[in-house]
Structure formats: C-alpha cells, structure tokens
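Working notes, beginning with the structure itself.
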Amino acid sequence: MNTTTKNHWRSKLHDIIYEADTPAGKLFDLVLFIAIIASIILVMLESIDSFDKKYHNFLNISEWIITILFSIEYIARIITVKKPLKYIFSFYGIVDFLSTIPKYISLLFGGIHALAALRALRLLRIFRILKLARYLGASNMLISALRASRAKILVFLFAVLILCVICGTLMYLIEGEESGFSSIPVSVYWCIVTLTTVGFGDIAPVTPLGQFLAALIMIMGYGIIAVPTGIVSAEYSTQGTKKHPNPNTKVSLNSKSCENCLAESHSDKADYCYNCGEKLHI
Amino acid sequence: MNTTTKNHWRSKLHDIIYEADTPAGKLFDLVLFIAIIASIILVMLESIDSFDKKYHNFLNISEWIITILFSIEYIARIITVKKPLKYIFSFYGIVDFLSTIPKYISLLFGGIHALAALRALRLLRIFRILKLARYLGASNMLISALRASRAKILVFLFAVLILCVICGTLMYLIEGEESGFSSIPVSVYWCIVTLTTVGFGDIAPVTPLGQFLAALIMIMGYGIIAVPTGIVSAEYSTQGTKKHPNPNTKVSLNSKSCENCLAESHSDKADYCYNCGEKLHI
Amino acid sequence: MNTTTKNHWRSKLHDIIYEADTPAGKLFDLVLFIAIIASIILVMLESIDSFDKKYHNFLNISEWIITILFSIEYIARIITVKKPLKYIFSFYGIVDFLSTIPKYISLLFGGIHALAALRALRLLRIFRILKLARYLGASNMLISALRASRAKILVFLFAVLILCVICGTLMYLIEGEESGFSSIPVSVYWCIVTLTTVGFGDIAPVTPLGQFLAALIMIMGYGIIAVPTGIVSAEYSTQGTKKHPNPNTKVSLNSKSCENCLAESHSDKADYCYNCGEKLHI
Amino acid sequence: MNTTTKNHWRSKLHDIIYEADTPAGKLFDLVLFIAIIASIILVMLESIDSFDKKYHNFLNISEWIITILFSIEYIARIITVKKPLKYIFSFYGIVDFLSTIPKYISLLFGGIHALAALRALRLLRIFRILKLARYLGASNMLISALRASRAKILVFLFAVLILCVICGTLMYLIEGEESGFSSIPVSVYWCIVTLTTVGFGDIAPVTPLGQFLAALIMIMGYGIIAVPTGIVSAEYSTQGTKKHPNPNTKVSLNSKSCENCLAESHSDKADYCYNCGEKLHI
C-alpha cells in the first residue's frame, strides 16, 4: 500500500502549513512571512501618535484583516495536527494564540483607549515577530555553536557581573550622589554601560579619582571583550571541522514536520518520526 | 602574425585606461586617483558654508577643471571599448556618468542656489569616491571571506533585528514617552544603538526597570558581538589554508581587462578572454 | 583500618563546608550562595535613599540575620580546619572576616549615621560578592586561557596606554581648555574613553583639527581591538586542542579540599594532599 | 685573546646603557624607566592649572632634576657609541634629544609664560613616553602579527573610509544643518564616530529617515568589526604554529646591542654583529 493513497485534505493541508518543500508550502510560508512583517509595521506605526491620529481607520482595518488571517491560520494548524493540545501548549502554539487574541479583546473594551494595561496588550501583537523564529530555527550552524559555548559564556557573564558590582560600589563611594551615581544599583548600571563600551554619557564621573577608575574599567572592558569572541570563535571552528559526531548538533536542511507530535529536525532519509514513530510525509 | 602589429592608438589607449601593467597605465591610474580625491575634498569644502563664501570662485574653477578631466576620461572609455553600450550601462559606466553630469546641470540652473534638489545633485559628485572601488576590487582576500560568510551574517543580523524589535517594544512599554521613548520605532532605534554598543545617550532609560532591561540588552550585545567575529574568523582561516579549490575565490593579481566585454580577473597566463573569447593584450 | 572510622563530627563538618560532593555539602553551598546574593541585594537597596527611609527596620533586621549566619559560618570554618591561622590569613579567610565585621562595628557607632568612613565600611559588605569567586574558581577553561595570554595582554594594554598619553596630549594642545580638555590627565582620560569605543560624550572635540584627530583615534581603536581578541582566540584554541601537558592548566572537577592546609585542585584519584601529605576524605 | 680583556670603561658603560643582561644594566634600565614615568607625571600635573599654581616650585625643581638626568644619559649614550652621528639621527637619538631640550629653551624665555608655542614645546616633554618603546620593542609576537596583516588592515580601513564618506554625505542630505550635521566633513566625522561604535552623542540624528540610516550604519559597523579581528586572529594563529621560517619574524629574547651600529635583535648565539661585523659583548 502506497503512503500517498492515505492522504486526504487534512494531510495535504498539514504539508502546506508545516512543511516548505512543496510549491504550495513555499507560497504559504511567503504569505505568512509578509503578513507577520506587515503586522509588525502596523503596530509600530500605531505607536507613533501623530500617525495614529491621521490614519486611525486605515490602521484599524488593516489590523483586522491581519488578525482574521492569523485566526484562520491558527484554526487550520489546530485542525491538521493529530494532537491539537500538544500544539496549543507548545511554544509556537502559545505565540500564535497571543498573536491573534489582543485585537478581539480590544473589541470588548473598544472605547476605553487610555487603559494602560490594554495598550500594553495591544502592543503584545508585536511579538508576532517571534513567529519568524520558525525561519531561523533549524537551518543554521550559529545556534549549535552558541549552544555548545553557552555554559562558558554564562560563566563569563557571571564573572563580568561580579566585576560590575564591585566597580559600581567603588564608583558610588568615590563619586558620591552629586555626579549622578545616586545609589549602588545605578552605579552598577553605569558600570555595565561602561564595561560593555556602550557609554551613554547620561552619567559620567567628574572627580579625578572617579575618572581614573572609569578609565581602568574601560580598558578592562576593552581587554575582556576578547573572551567571549575567543570562545565562540574556537567553538565555531570546531563545529566547522568536526564530522558531527554528536547527533544533537547535526543540522538537517529539510523542513519535515511530524503530523502527530510536531517534532522537527528529521534526518533527510527518515520515513518515520524519531519521536513517536508516526509515518512522515515525503 | 604578431598580436602587437594589430595595436593602433585605440588599442594602446585601452591598455592605458583599463590596465595598470604599463608605465603609462600606472601614471593614468595615479592621476585618476588624485583627481578623485581632489574632487571629494572640493565637494566637502563646498559644503562648509563659511569656506564656500570665502573661496567660491576657486572652488568653482577647480570643480570645472576636474569635471572636464572626468568628461575626457568618460569619452575616452567609451571610444576605446568595442561594445560602448555595455560599458555605459555597467556599474562603473553609470558611476562615471553620474560623476560628470551634475556640474553641467548646475550650469543650466546656475543662479538658483537654494534649490534643495539641485544641491543634492551637486553633492552627488561625492559618489565619485565609488570610482575608488576599482582599486579595492580584485586584489584582496577580504571580499571572498565576507562573501563566503554573507549568508550566515545576514541570518545573524536578522536575529539581532528580531531581538531589537522585542526589546524596543518592552522599553517603550516600561519607559513611556517622557524619557524619549516616544514610539516603538524610536525605541527600536534606541535598542539598535545600545545593542551595537554605540550608545549616543540622546535617549537613555530613567526608570529602574528600564535601566535593568537596558543592562541586560548591553550584556547581550557584548556577548553576541562574538558571533559575527567567530564566523568571519573561521571563514578567513579556511580561506587562508585551503588551496583555492573554488575558482571563484581565486584571486589574480594582474590588471588585464577585456577590450570587448570589460571582463576582469583574468588568469595570469590567459591569452583569450574567458567570457567572450576576445584576444587579450599582454 | 577504614578511613571512615576516623571521621568524627569535625571531619564531617569539614566535608559539608569545604566540599560539594555530598548532599549535605551541596545544600550548604546552595544556602551560602543564596545568603550571599540576598546580602548583596540588601546593601544595594540600603544605598537607595528613598527605599532606606521607608523600610529601614526590615533592612536592619535582615542584615543582622545574614551577619549572624556568616558569623556562624566563619567560626565553623575556623573550627573544622586543622591549621586555623592559615585559613584566617588566606584570601577567603580575610574576605569571610570582612564580610562579617562591618555590622558589628556599626553597632558601636550606631547613632552616628552620617560618618562617611562608617558608611564606606557598611558598603564594604558588598564585597561578600567575592565569596562567589569560590563557585567560579576551579571549574573553567577561561581562566587558564586568560592566564596563558596574560603577559601579551599586559604588553598590549601598556602600548595602548602610551598611545593614549600621546594622543591625549595632542588633543590638549589642539582643542584647548574651552572644549573641556582642561588638562592633560583629562585629555588622556578622554582618549581612553574614545579608543575603547565607550564614547561618553561629556567631552567632545569641537575644532575641525580635533575632530580629525579624534576620527583617527577611533579608527585606530576599531582596528586594534582585534589584537587582544586574536590573542585570546589563538590561546583558547590551543588550550582546547592540546592534551594538557602542563599540570598547572589541568582542571580537576571534584571539590576535594585538604583539611590541614586548605589546598584545592586535587586530582580525581588523589588519596593524600599533594601539598602537605594529609589524608583526604573521599 | 679573551674578549673581556678589551673592555675598558667605555665598553662597560655601553653594556650598562644599551644592554640589560648584567645587574648594572638592569639597574640602569629600572632607574631610566622610573625617571621617564616620573617625568610624564610631572608634565601631566603641570597641565592642571590649580595644581601648577600651588606647587609651581616643586614641579620646576623636579623637572630640572629629571632634565639633568636625561642630559647625562644622552651624553653618555653619545660617548659610548662608536658612531655617535648614527645614534644622534636614529629614532631613539632624536627622541632622547627632544626629551632634554625643551627645559633649556624654557630657560631662555623663562618669564614669558603665556607664549602658546612655548607652552606646546614644554608639553613636548611628554613624548619622553616614546622612550618606553624600548621596553616594548623587540620582545613580543604581537608586532610581527600586526606587521604581517598590515596591508589587509589598511585595505579594510580604506574601505571603511569610503563607506563613511558615502554615509556621511547621505546623512548631511537627510538631516540638514539643524541637527548638527552642518557640513559634509562633520557628517563624515559623525559617521566614523558611529561606525566605530564610539557614539559620543554630541551630534545625533533626529529625523526618522536619519535614524533609520543611522541604525543601518551601526549594524554594519557591528557586523564588519569582525573583519580586522578575523584577520589578526588568523595571522596570529599562523604566527604561533609555524616554525618561524622567515628570519624577520623570529624574536630573540636577549638584549644584545652592537656598539658600532646600534643594531638589535641579535641571535642568542651571535658573536659578531649581523649588520656590520663588529664583535659583540657577551
């Protein structure tokens, strides 16, 4: 018995939505990508007061169109998956839900424009950008290099934080509250700003001793920025040269997705899901 | 029959203009280089109001001299190439044309100094600096390293942009419009300024929560700056060690240029153009 | 005779305090870790004037609880070690003492709140964060990579400092005192701020020549930041690939600590202290 | 005949001054090092107006002591070298002379304190710091790594400069003179400040389009900072692994110096100067 004979419309829809190997799947991905970007731009434009006043109706209607599109997508995703609850409570499931719901809620409290919580909720739609993570997800070596060096980078950042607390406290003692170093947390914040070479300049030391310590912190920051770079660099070189002995860091380039358990990163020659044993569509 | 017997003045001029292996060709390149630099400096000086008022005549005359020089060069390039249209619509052809034309247009509308569009057009002459790209073009390993890691760097920058949109929106929610975070686009702009460790300080968080999030963003920026460095570093090491198996990344050091189709990067021992089969001058 | 039969309560306490391989030892470490972090946050909150006024009693009581906890820990550490004086004058011994004493001193001069020296003393408690160094100490490759490249980084920083003194003096000569470059030390400070790409903007050149020199300094800073990164990167790669021929860079992952001389970094299969010959607990 | 029998006082003095392998030579170097640092600090303190007024006499006397010390050193160096003219017109000869002369000149025009040129001349003494280059000079791998990648870094910086001219001009067109982008050179300066991630904030874009272009420039700067790092990193790795086939990059750790021609970097087992054939002191 051929596997394709089992395919009905749900199965086909699943292929279109969850995979990108067919022309229809590619088109769906393109439309979704454009809709997400358009939706982000809409929320951004809405946040500009002068623009919102002028084109309020246009923004509102566009937003409704996109919300309805996303609602249809959300429902289609639930229908085509064999275990809908698993999808609903997965990361993407929650993101998809939160991308759709705010506009409907705003319908209930439509007139009350000033409500701060509601305003925040409406802005929540910008997190639709997280849906773009799908397109970054499985197809690059960067993430495996970062994941491999995660522990080392965390240890490094922890050491940097200890350094910032110490230097921040010293600056608070030296500079005093007149120069803007009004409390230890603020001084630590300033120290992070300086050590990472951002340097806003809203707070800056004015006493000679404070400037001397600041210079030391900067030179330290300039010297130790080398450390994470060295880590990732070395990790990355290793990633590139080794023959992927660890299956977790192996990157497959297909877009297969299990209909049953939503597992991804299947091997190119896999016929069954490595996670639940469900037959995969080719 | 010797190839040199075929050379008449057009062929010789082609060698002088398009190649840098003969003394005359080297002199031409040097004069062109100085003329471009001089022209850039002139446009810059012209943009300084106090300088422009004082030395208007000197600037005007110098600009005319350089424009006429570039016009002669442009015409010479068209004459000596076998397929002039191909040159005219090539990247360098367009740059050469745009380098020459603004001054002539300013002649037509000479008195109308204040016209903004015209002012922009006159400034366009500064893009003559793109002509210098010729001197960077074919002779270094950097570009091939960058080209090889282009896709990875784009993925990285895309991820950074997603991060900036998310953090920018959060900062907009936290800080509000009083601190300068007046809209989401402005907040995203601030977030890019911070994450790339530029830190202008024209906008800076003032609330404790905002400063905490800002500190997180900075530390993240400090940590992930390692990623592109790691990529280029690894790519570059690979470029340096491998024996150039890919002919596209092979770099030839001669300045041969085909008279017919303007193709460059010929192999050192090539006698015929790899693109159109035309005989090359040695 | 079995070594465990010799264990009495002091020996057991030593295992709990100094080692982290038993469940009790792990719990002790966790409690200590949380107490340190809580103590840091208390000092930070105390430095915020508005917070200190509102919750003075709460802060005071919490601080006393933590101080008593640390006092108990300090005494326990002295009791369980065979050579207490060696512990007392070790780095961690001094840090532990300084973490405990400030609150007791503040008791003596309790009412005199404004005394600057006392205020500094109270802030000293923040250096309890150095106790966290225990958790960073022996378990990462970073430190050995940094130690290996220490000499080179120092030479580099020394060269950067010479550069900053020269450029700072030139900026002082060019800009003069009106632009904020009020003395050579301040100019050198500005130069460090600029070269390390921090760029506060509290002092910025205003003359064309000063801006030109500043641009040169920035481009230099942008170019030479590569040097320490290159050093650590290369060192780090070497650390990763070599089979640890140097025993000093060998990292053991157990938390054994000698009861007699406090020596750490014992080999995994060591039964006796490599430093004093004392029998180690397993 | 033993080489040591030829040694008279001049030869011994030469060893003390130019080499650091004997105890006397090491002491001389230490004294010289301290004198240079002290002299730098004096010039710095002198530039602080309030300090200069208060301790003018102390500064003046200290400066005279150091000047006389340096004069003695300069004369001793001339005497002990076989070809004094060669030393006098060498880099270090000129630096040593310029380190000594300003104080004597200030004697001639002592009262005229306000003369700007003289003030600059007095500050010239700070360039004594260049004498410290002796201690950096021959003993590190950094310089050879930098020298090897010099050409590539220059090409890179040239490309960055072209980019800055183009972006600076665009910003000038977009932002106009109200936002501080008052001329193309200033805009190019701003662009360098931004691309190198320094970001003073004295000039910052205010129009949305300007902020968008600025964001692009920053992200570009963030992305291309990887390039010089990659170059030096790869060069440095190569320097570390190759067996020094090029004698110019070989680094010798002794401090032998030829009495005749001042050549340095002699091989450890050299008996005669590689440059002029003169017998070397061991």
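A few notes on this one:
Letters A, B, C and D mark the chains as written, and numbering starts fresh at 1 in each.
By our rule, contacts are C-beta pairs under 8 Å (C-beta built on N, C-alpha and C of every residue); 3 or more make two chains touch, one makes a residue touch a chain.
Everything quoted here is computed from the prediction, not taken from an experiment.
Copies chain A and chain C of the same sequence differ in orientation by 90 degrees, per CA superposition (steps of 5).
Seen from the Cα centre of chain B, the chain whose own Cα centre is farthest off is C. Residues touching across the chain B and chain D pair largely diverge in numbering: under half of the numbers involved belong to both copies. The centroid of the Cα atoms in chain A and the matching centroid in chain B are 33 Å apart.
Annotation: 46 Å between the Cα-based centres of chain A and chain D.
For chain D, the set of residues that touch two or more other chains comprises 156, 185, 188, 197-201, 225, 229-231, 233, 237. Every residue of chain D that touches chain C in the complex is listed here, in rising order: 40, 43-44, 47-49, 120, 123, 126-127, 129-130, 132-133, 136, 139-142, 145-146, 153, 156-157, 160-161, 185-186, 188-189, 192-193, 195-202, 225, 228-233, 235-237, 240. Partner chain A is touched in their complex by these residues of chain B: 152, 155-156, 158-159, 162, 165-166, 169, 172-173, 182-185, 188, 194, 197-201, 204, 208, 211-212, 214-215, 218-219, 221-223, 225-227, 229-231, 233-234, 237-238. Of all the residues in chain D, the ones that touch chain A in their complex are 197-201, 229, 233.
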